[in-house]
Amino acid sequence: MDNKIENRLLEIRNLKVIYKTDSDTVCAVNGIDLALDKEQTLGIVGETGAGKTTTALSILRLLPQDIGEITEGQIIFEGKDLISAKESDMRKVRGEKISMIFQDPMTSLNPVLTVEQQLYEALELHNTQNKSKSQLEARVDEMLELVGIPKNRKREYPHQFSGGMKQRVVIAIALACSPVLVIADEPTTALDVTIQAQVLAMMTELKNKLGMSMILITHDLGIVAQTCDKVAVMYAGEIVESGLIEDIFESEKHHPYTVGLFGSIPNLEIETDRLSPIDGLMPDPTNLPFGCKFHPRCPKAMKICSRRTPPKITYGTHNIVCHAFTREDETNEKRRR
Amino acid sequence: MTQEANAVAIEKKYAKKSQIKEIWRRMKKNKLAMIGLAIFCILVAMSLSADLIADYQESAIKQNGSLRLQPPSWEHYFGTDQYGRDLLARMVHGSRVSLSIGFFTTGISLLIGGILGAMTGYYGGIFDEIVMRLMDILLSIPSILLAIAIVSAMGPSLLNLLIAITISQIPGFTRIVRSTVLTVVGEDYIEAARACGSKDFRIITNDVLPNAIGPIIVQGTMSVAKMILLAAGLSFIGLGIQPPQPEWGYMLSEAREYMRDYPYLVVIPGIAIAISVFSINLIGDGLRDALDPRLKN
Amino acid sequence: NETPSNGTSGNENPLIKDTGQVVISLATELQTLNTFAMQNIVTNECISNIYDTFLNVADDGTIIPNVAESWEWIEDENKYRFKIKKGIKFHDGSELKASDAAFTFNLMMTEYKAYQAATANQIKEVKLVDDYTVDVYLNNPSANFLYLCAINVKMYSEKAYNETDKYKDTVISCGPYKLVSYDPTIGVELEAFEDYHGDIKPKIKKAVFKIIPDANTQVVALETGELNLSRNFAMIALKNIKENPNLDFYSHPCGLVNFIQFNQRDNTIEPLKNKKVRQAINYCFDKDFMIQVAEEGMAVPARSVANQGMFGYSERIPYYEYNVEKAKELMKEAGYENGFKFDAIITRDGKDKKIAEIALENLKAIGIETTVQVVENNAFIDDLKTGNFVMASSHLNLNSDGDNAMDVISITGSVPFSGINDEWIEEQNKLQKIELDSKKRFDILESILVRTGEEAYFAPIYYPKKSYAITKGLNITGYDKFVGVQLKYLEWAE
Amino acid sequence: MYRYVIKRLLLLIPILLGVIFIILFIMSFTPGDPASLLLGQDAPEEAIVQLNTEFGYYDPLPVKYVKYIFNALHGDFGLSYRTQKPVFGEIIKRFPVTLELAFCSVILTALMGIPLGIISAVKKYKPIDMICTSCAMVFASLPRFWLGLLLILFFSVKLKLFPSNGVGSWRHFVLPVFTLAAPTAANILRLTRSTMLETIRQDYVRTARAKGASERRIIFKHELKNALLPVITALGVEFGMLLGGAILIETVFSMSGISTLMITSIRMKDTPQVTASIIFFAVLVCITMLIVDMIYAFIDPRIRSKYIK
Amino acid sequence: MKQMKKDDDNRKPLIETVNLKKYFNTPFGLLHAVDDINLSIDKGKTLGVVGESGCGKSTLGRTILRLLPLTDGQVLFDGENILGYDKEKMRLMRQKMQMIFQDPYASLNPRKTVFQIIAEPLIVNRIYGSRNEINDRVLFLMETVGLAERFINSYSHELDGGRRQRIGIARALSMSPQFIVCDEPVSALDVSIQAQILNLLMDLQERLGLTYMFITHDLAVVKHISDEIAVLYVGQCVEKAPSKELFRNPIHPYTKILLSSIPVPSLKSRISEREIIRGEVTDPINPKPGCRFAPRCKFFKPECLSEDLSLNEVKPNHYVMCKLFG
């Protein structure tokens, strides 16, 4: 067990987020708990609409104004609750302590500002040590070098860069102020495989070099396997399974949803004639099923699943939220240890 | 027979959700648009029932020397004009002309511009090039001047005014339709239709136009308002409406001399124009928002 | 001078800003600065201050000397011998000689023949006799040649005309005012010509003609003192102007006549060929209401297309007063008891249109159904010329010689748009043109006008007055019937 | 870049050829002939024929067209029938009025429309937004000429604050400029508001927020430049249209600018003047649009690189 | 005997491209989107086409279906060159060749109901006379692709991506085509849905004997579904081999890198060093002669650029376009 208090960087407790649209209310995140230690990488996987991005945006309090709203929960970062923090304090956290890399590099850079201006801005905003202009500019060059962009191209505009390079600029911006935590929201989904490999390799390298923690949001289990230390599987705004990377990839016991996810991807190593995906679709987030949210699609669904919210069963570092596993299993496991 | 019944049954069971209903639902939420629609309905009702409100021959046309330039009173709610005609009657009857000018010119120019725009946008190539150059030429003459020149050439009359305004609006519509069609033509479902072997005409009418129609309708609505203003402007400088037919712009133009001492003569038709344009603009805005897919949820 | 002086001396009027100058409105920009190429009343009102006429007309219609100080008719040679007044100065300081007069006549006969046909066509040749004598040979003896010399022949300076660009940008003549500047966006600036030879010396030092097309705006400008004299103010403002202690009103009769004409070309329109129908129409028009609406009362009902002061006009001309009953009766007699329908009354925008609109209503009362069609000036003239109309509401600015009315009435005149074909009138017209005895000529003209009235060839509506709204303190000491109030007649009260 | 400019200017040639043809075509249909209009209704027929022949009025349309183009290529656009002066001289005399009017209105439009639009967008659905947008809606619905009349009635007639007509001092321009600018400013306000709301949704704005930028900075540094692009086009188009003359406004305020000239010329069948005026206008509009595109390229590097490559 | 004959039939390629070229005219020069590609697909088989974004995969598919006019080359369907076909013949041809599009959101007309979309090909090709027959056929197709009857009058925007893609498939199937170009039919979908669609496509192939050209950039998917794989790079086919062979024994340096770039969802490969490629894809506008991968290739030798390369058969059925390994 490595959840010693001094090592804990971020802890999310019972977070609930809703989106209010003019016709109905979307329950995007329904009480999730997450914890992340220093220098750890947490992977969040899940289908479209599971609430991954919402969780990430909640941490930075960047939910769309007037629509997204955190209704409950705490986000404790370095011992302070971010949800009750003042907006001006949040601004200091953003970019300086926690920064975020968004999914689409094509649109996350401002088309009318040069790469240098955008990178410089990030530094200038958090210039706590009152560095001079030339120092900041030197830092811009350094950051570009770090992500592998020749500094003579810094006066160019985003559209003159390829997708991979843009994503690297976005990464450079995110890392400019050496934050403690980087949240990467599907950073490579929009990129080609070869470029994706480049970017991921670079991110992991930088993360280790700079000693940061990272939350990596993705729906590619391959990426998770390659980069993460901990994994959380999200489904319909809830975390259905979480644990260390080994727990998810090598343990015997799994939430049926996780099983389905693995069954859905064609495996390069094992020959399969047919895939064994999960049937059905994600539930409507405005009208979630009662009890276990997954039960309508679950091949092992029992009567109780539609009646009662499943308990969280813990096997050491491995948590599963499912009726199929009982408290007894949990205690047996403990005893065995 | 049973199959027939079956098909009908299925259709009934899973009745189409009308998209118009959907748009209407969204539009209903927009208070301003509903206000606009209400005002507009009142205006239309007013112009339809003009004959009930005041007799055309007796009140709107007939001159009466003893009633010249009477200020608003209980007998004449809006007063009388320089010929002693009742202003309310003229305004109500004028609404018929003004509103129908707006709709008629927009309708025809939208039709012609729509056909041209859809063809040029869909086919592209040399045809597009030629038509668009032609439209460029027409566009480089200010539309109001073009209208004035055409009316001068053909002689002022309501019909010629309509023709002139229509012609002067065609290039604008062609452009708008063309650009919306261009965005639609780039979509995959057009390619899909082609892959099915649909003919061009069918693709244009079944796939391209229904998808381009939203922005075009919005433009059209806004254009009705613009046309009412343009027609009023042209009547104001004495082109178009022939006396003693009442039309708002023309009423303004006639009233202009009397403006200093009888301001109600210009205020009333002006407000009539402004209100109708205002309501149509509100509807147009509302429609645009209702049709905007990004606001869908 | 109709201006009553009620104790307030001019300088106390807050609207008087500078007694050295007057600001006058100009309803349109000038057509041209060259008077021979000009056909427009507004332009004439402005530039006739710059040009001086060859002869002058007295109030009673007699011709009096101006640039030419004397003349004689030499019957054998069919010519006039004019003696030019000595010592007349052009605006550039040079002296006016007979050669300039000859040049002026020649210019009229050559370059501006198209514009000045009425006068130019009468002249056969012009010969210079000496520095101050010029002979003008005519084609035929002419009754109105001298009159035309007084209203149409304006003095040109030979040297200046040839040196400048044919008076497109500047003018040098010998009138009471000289041109300082002209800008089509602002207006005209004139300055008194100190060496003016005439009897009435210009008293106002500087005159500015400001372009203000809108009649209402002119009233506003008067009230704010931006304007001292307005000729085209909105008539509806008359009451305000009369009530305003700082403004004054002045009016005088002029050559204008508003009328409705019928198309009487051979067989084109059946009912209009019927005299009774024409009379009925004449009776049905409510002239007073027309005057009320179009002129706010500032006009008198007309008897004839000839204006009131015209040579040949008299009270013997029949007058059709407003009488619907009589009109209906006449329609019945003519066999149109149930009325008839015809195309449209064509007219131009403005007062003519108002008249037409009321006419429409009046005609309806006797069963004649029609509409009004307002057309552009060019289309209007085109329609009149080609006979493509039934009735037209129109107006003309006629000079005070009876021959000008004949231009409209006679089929051989220059404005024969009605297409009246009356042999008797044609005969009489030929006689009047060469009748040099003015008494006899008057009788001929009068008889023609009376016949025109009896036959109801036209429907004369009214004679408008020329009206002026002025800043109180600005006195008008006279006017020219044809041109109106000229600058030389203006002066500020002491 | 300059190659692009030249290409754009060359594109003007076919447009001008077309415009000339259309004008000559329409003008050939207008009733009446120039001579009768000039000489008045009492001129004798032969004089009219003579003058018309001088003007080339009886030439068939193709001949007129070719002659016109031929002369135009020699720099001769003819004399105005009405004033007998070179047509461009007449235009140039009136152009300053129109230019001043157009320029001031566009500036005023931008000064009123853009800031209020930004405020509306930033304070979306707050009372100030409601006030701004509904006022804009009302102003955008007013007929301009009517607004002009009302302003004259109020400010000139009643309050006597501003002159109601003519040109001369800056005070003459106050009312017409405001009349022209108010409805357009209303439209610009609405446009600015909607493009701002559009950009607020963009991902790069979120990126900027994630950097820790303040709202102010986000608005002025990140949103504004992007949001202003369509607004600039709209202003450019408006400016172009105004250069062609604000016909009704020039009429209402009795300002003799280009459009008064054009209307008079159309009515007087002064074909050389009409044609020249419209050529002048077309060239101006084209140049304006070119300048707008340049500004566009200046602001938006994506477009700039399109021209440069 | 019977078996033999069937085999013979199968060996005959259904679709073949001969020196297929498609160049686009752009302001900056000729864009070689598809440059001299020779492929053939046997009846009932699936050809997987992989490659990076912009390498010309979609263009290849669209030119084969003649949705784009091609620059040069031939497309043979059942041995017949379809390029010579006139409009009417082509329309008939289209019934045999269909396409499933990448984006299930953009490829369905938002103004049409599911019924209208699926019935469209039936109506325009006048396959059925009565409305009833069409109705039945549509219902049958919906059942085939696993769409519940109740969606028949829904609009596509009311449905999720998976269902939309099923509509697209039903539309492609409506005229019982023999050959279908699947242009990244699953890349816009979620993993679980993706697997459902892949299963569906494979079932259909089995049941209806369809021939697929399957375009994707997901190597795991392509391996799963294809019999043969063609790797495209900047408009050219750089390697072509049976699926297993390609994964077991990639030869072209680009293919190797491509394969090693895939993140594998298992912890075993976590430790192993992955080969990371440097640099970006070459500009397809007016490419230089020689190997187009050369600028990114770590084995690069000057002679790679000397002349244009061709596809060589290194092993039976395994073709490679490379100077060094070919």
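Of note:
Should a chain be cited, it is by its letter among A, B, C, D and E, assigned in written order, with residues numbered from 1 in that chain.
Keep in mind that, in the parts below, contacts are C-beta pairs under 8 Å (C-beta built on N, C-alpha and C of every residue); 3 or more make two chains touch, one makes a residue touch a chain.
What you see is a predicted model, and the numbers here were worked out from it, not measured in a lab.
Think of each touching pair as a link: the shortest run of links from chain A to chain D has 1 of them. Chain centres here are means of the Cα atoms, and by that rule the chain farthest away from chain B is A.
The chain with its CA mean position farthest from that of chain C is A. Chain A and chain B have Cα centroids separated by 52 Å.
Averaging Cα coordinates per chain places chain B and chain C 47 Å apart.
Note on chain placement: the centre of chain C and the centre of chain E lie 89 Å apart, centres being C-alpha means.
Those residues of chain D in touch with two or more other chains are numbered 30-31, 157, 251, 267. Contacts from chain E toward chain B in the complex involve residues 62, 65, 67, 90-92, 94-95, 98-99, 101-103, 106-113, 120-121, 124-125, 131-132, 135-136, 139, 149-155, 157-158, 168, 171, 175. On the side of chain D, the complex with chain C involves touching residues 30-33, 35-44, 47-48, 50-51, 82-85, 90, 93-94, 96-97, 152, 156-157, 160, 163-168, 251-252, 254-257, 261, 264, 267-269. Those residues of chain C lying in contact with chain B across their complex are 214-216, 219-220, 234-237, 239-240, 286, 289, 292-293, 344, 349, 353-354, 356-358, 360-361, 371-376, 379.
Here chain B touches chain C in the complex through residues 62-63, 65, 68, 82-83, 152, 155-157, 238, 242-244, 256-262, going by the rule given at the top.
Touching chain D in their complex are the following residues of chain B: 32, 133-134, 136-138, 140-142, 144-145, 148-150, 152-155, 225, 229, 232-233, 236-237, 249, 252, 256, 259-260, 263, 266-267, 270, 273-275, 277-278, 281-282, 285, 294.
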